[in-house]
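Here come two complexes built around chain A, the first alongside chain B, the second alongside chain C.
Here is the complex of A and B:
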């Protein structure tokens, strides 16, 4: 066991911090922020491109990807360290949610050569087209269809919660290619440009919608989308992996999305915020940092946050050794999001009515970030596999629990 | 950074588990609940042959000078088997002598510990159960080349079996707090010591120990007169982290029994483990014990590195106290009535994890320590970095 970083890794961390201090301006921070105002596509201005180019030149984009595809051929822990520092500064350098892991694993040589370097340099970006109105947790129930027509597929259907569909250049789409097969066996994955004729994106406004959303907010953007496919014709070369084998490709990509620095950090940053806030705050005669009940709760949440960190480290250690998760990724995806909710709710009870003030309100504290998080903290427990589905996986894959009579029947 | 066991660590843990599986069945655990000494001498001699008592003790006393993480792994496996051995108290006290005692003291006491000939424990707590210097009232008055100890200690582990006990007492009359506290190595059979057994949930050996004019040579003081508290703090940090390892081992075995039970016990026409309500309980139990284990070994690792580890130790114990306890309680729930039966073994684990959750600091005490480190010092805290905040030299 080794719970520390090497001097080289510590030096790298300092180097990244210094780079951020040297290059990040307030304007750029707002432009780059992971969860900035969702109406404006993020990180697409000339100054943002310039910033990413500098990061790329330092060798900090696509660290774990092979050099042949524009990456650095580095290890996952290096990626983690760099990603953690950039995420703290509000900059997304990770390639999760991008389809890149799945393309690397299942793509043709041509697809890898085309997509991976462009994704790494952030010249293109993917949104995720998985969920449908009647296929959420039970994703394999999806209906969006892709029908083969010569060298083409014709796609029809509706995708929900396609976050960033309005700014992404491509969509990573899961569609049904065989209606007669059992539900998991008739699914394929497609990589499709968003400008393909027949694609329509409509905004869905979330409860977090606030035209002057606080920066940086922890949980998600205020806008997501629904995306419609009306007779969208795509060439068969858009298929990722084999036809009807898309379920495995898609779920593998999701598994890799569930771990990493950014997923863990979104669940623990409020813990740091509240500690740093109570250290320096008093409301007239009330000093929250001196209240024994508040101190006890803060410490309790801090310990939970450490468990989030250590579970992430465990996932890193497994991947770094070339192993596979049995349940560890799923456990992390239960523990971290639920902690994020617990700590957010605990903080509201420390702050009382101040906790409800949004950014634009008089007397708002910390840019209203705590109030904003009340509306968004549970999002991380819903997306990319709900915590209930994740618990099923911990129990069944990790502990070998039998499946229920009902699901045994359903699976035939 | 690699939080998984390496090959050496796995070998130590695996061999300890095999040994315990062979030598420490639940029947032995039950038998020792009513044994006056509370441990089987043959098994104690066997673990000495394996080198467990001397694992982290210096080589010049016959020990192996291994990291605490290794001892943590052994205690995890001993905890898994509920080994009725005075291993934890002996390790805690002997490590205090090894780390803070004089060369003469090490040479006097440690070889016997390594050989399995000396059992050790410590006596700190009195009426006030908190692990703070203010709670120590026992007086030690200088008298020639001796100090004379008077007072009553509570919750002393394994005293009936102990050969030596480390005792904290006030050598400065009227002193309060950390000032004026001294730690003595006391022969447990000294004249003037009397013992009364406490009857614990775990049915292990804890005692009230009364010291009446007990004379202890000055040569038996660890460190300097009046400067014992930092030594006690270090001893408590090591002891607490090692107790966490023992709890994690016991809780892990306990929940594994629940998982197995849920797979074959049928209700409403299917194994109860096929019901999601039960599955989700099991998933939580696994995550709690995993979290406890990660926190525990991070704390032990930091102690091994000589890094500040008090916060990490407190993180581990506060979490173990609540989450290992919750895990074994859910295990009782999954077992239903049978888990409540004395003849069924599960209760052996439940009672011990519960009792251990009440020793060496409550969740409130440990969280107060964490809050102090987080809040009462300047600087911006960042998760994964040391607290109290150490300014970064950029």
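Here is the complex of A and C:
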């Protein structure tokens, strides 16, 4: 099987790249950057909305979604090509992580009609409210409660690491609706507007915020949040899927969310940068591209990057054929973040001792971006399902091994 | 005023919850320097810092019995 692009696909790729060159201003680039969003919520300004509108007009948003819901009814490879180019430019247009895959799979007709077109056009966005202080890897331990009161639910509890809660219009919330059921069976998913009375967002600064990561840092987020729910009343129509069946909806959504270009691309972008840097740089007559140790390392990282890409292609092909994931998404979620850690470390090694200095040092190279990338790359091994938990899933679902011995209660 | 169950530092519950801003999505924002809280066994406990809350999360009983 050949994974190269056809001439039409290659033309599309160039068209997208040109569009970005023509429409992306430095100010916009700053707003779209994950690290800028600490002070400036990403993609919420009028110029960002205008930018998304233009992308939508080109037919490049929601390519794989049905036309009836504002999509293009197109194929995944086309979507991948477009996503790849935007991700390279630091713009997230992907709908994974948005809640859209889960709403398509489990939503009522009304929910699909309401949410999908708006998510595609980027008029609304979700943050994910899963993790709690006592429920991380052991997510089913969650305590946030939703109690039925007539046509409403009353929600109380707290969520941890709700990334983008400070820019999102909605939260995709996992809460306990039945306290007496076994822990996986009493959980439900709610789609809730962030302006519902009783929701409080408290910033949670990450390692990337001290000192603040410089703008082109690819990995990690500088800000995530804690989100509190104090007697938040939501209508029962906010429920996604059936009451108490939220565990299945949630884990299916997370699996679908793992498929896409962005996971692999955040590493590849750095890999491409270092190749260009090494090819074009000379220090005092030294050409890094001729150094055998550097060539060796770069070749190795490049091979790893290609494995990431092939894994992504395979996941897309599984979804395209309507196949079932067993271990594939989990394997991708181990390999890509760990490749990110290896490649960012290798890059700082190639740059020598100054490569490890953070931006606060006057001797930092390019504002310390490479060192900040090393720190940030570790975040992707934790968020959206940690690599340890993903390995466990590969063993269980992929290799048919028994569930591991019950670990002691996971600590938040 | 409450006291942090871990280090006993005073925490102003009202200040920890007081609105200091609003997200573009319309949620209330608070000042993180004013402390944080955790819902435990039906009660909100207030902490001066996340470090203290993390200690509490790991072993709440050891801080509540005192």
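We adopt the following convention: the second predicted complex is superposed on the first by the 381 of 412 C-alpha atoms of A that agree within 3 Å, B and C clash if a C-alpha of one lies under 4 Å from a C-alpha of the other, contacts with A are read in each partner's own complex, and residues count from 1 in each chain.
The working rule: contacts are C-beta pairs under 8 Å (C-beta built on N, C-alpha and C of every residue); 3 or more make two chains touch, one makes a residue touch a chain.
Computed from a prediction, not measured in an experiment: that's the story for all the values here.
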Identify whether chain B and chain C fit side by side or clash on chain A in the overlaid structures. fit
Pick one for A:305: touches chain B only (first), chain C only (second), both, or neither. first
Touched partner set for A:203, first chain B, second chain C, both or neither: second
Could you look at A:167 and tell me whether it touches chain B, chain C, both or neither (first, second, both, neither)? second
Going by the contact rule set out at the top, does A:133 touch chain B (first), chain C (second), both, or neither? second
May I ask you to decide whether A:105 touches chain B, chain C, both, or neither, giving the answer as first, second, both or neither? neither
Applying the document's definition of touch, where does A:147 land relative to chain B and chain C: first, second, both, or neither? neither
On chain A, which partner touches more residues: chain B or chain C? B
Is A:77 touching anything from chain B or chain C once the two structures are fitted on A? First, second, both or neither. first
Put chain A at the vertex: what angle do the Cα centres of chain B and chain C make there, to the nearest 10 degrees? 140
Between chain B (first) and chain C (second), which, if any, makes contact with A:252: first, second, both or neither? neither
By the touch definition at the top of the document, which applies to A:400: first (chain B), second (chain C), both, or neither? first
To be precise, I mean the smallest distance between any C-alpha of chain B and any C-alpha of chain C in the superposed model; what is it in Å? 24
Please output the residues of chain A touching chain C within their complex, sorted ascending. 41, 44, 133-134, 143, 156-158, 165-170, 193-195, 199-205, 226-228, 411-412
Per the touch rule above, chain A residues touching chain B in the complex are 1-5, 9, 14, 17-18, 77, 88, 268, 271-272, 275-276, 278-279, 289, 292, 295-296, 298-300, 302-303, 305-307, 309-311, 313-314, 316-318, 320-321, 327, 331, 334-335, 388, 391-392, 394-396, 398-405
Quick check on the complex: what are the chain B residues that touch chain A? 1-6, 9, 69, 259, 262-263, 269-271, 273-276, 278-280, 282-284, 286-287, 290-291, 294-295, 297-298, 301-302, 305, 315, 318-319, 363-364, 366-368, 370-371, 374-375, 378, 380-384, 392, 394
Residue ranges of chain C in contact with chain A within the complex: 17, 19, 23-30, 32, 36-39, 50, 53-54, 57-58
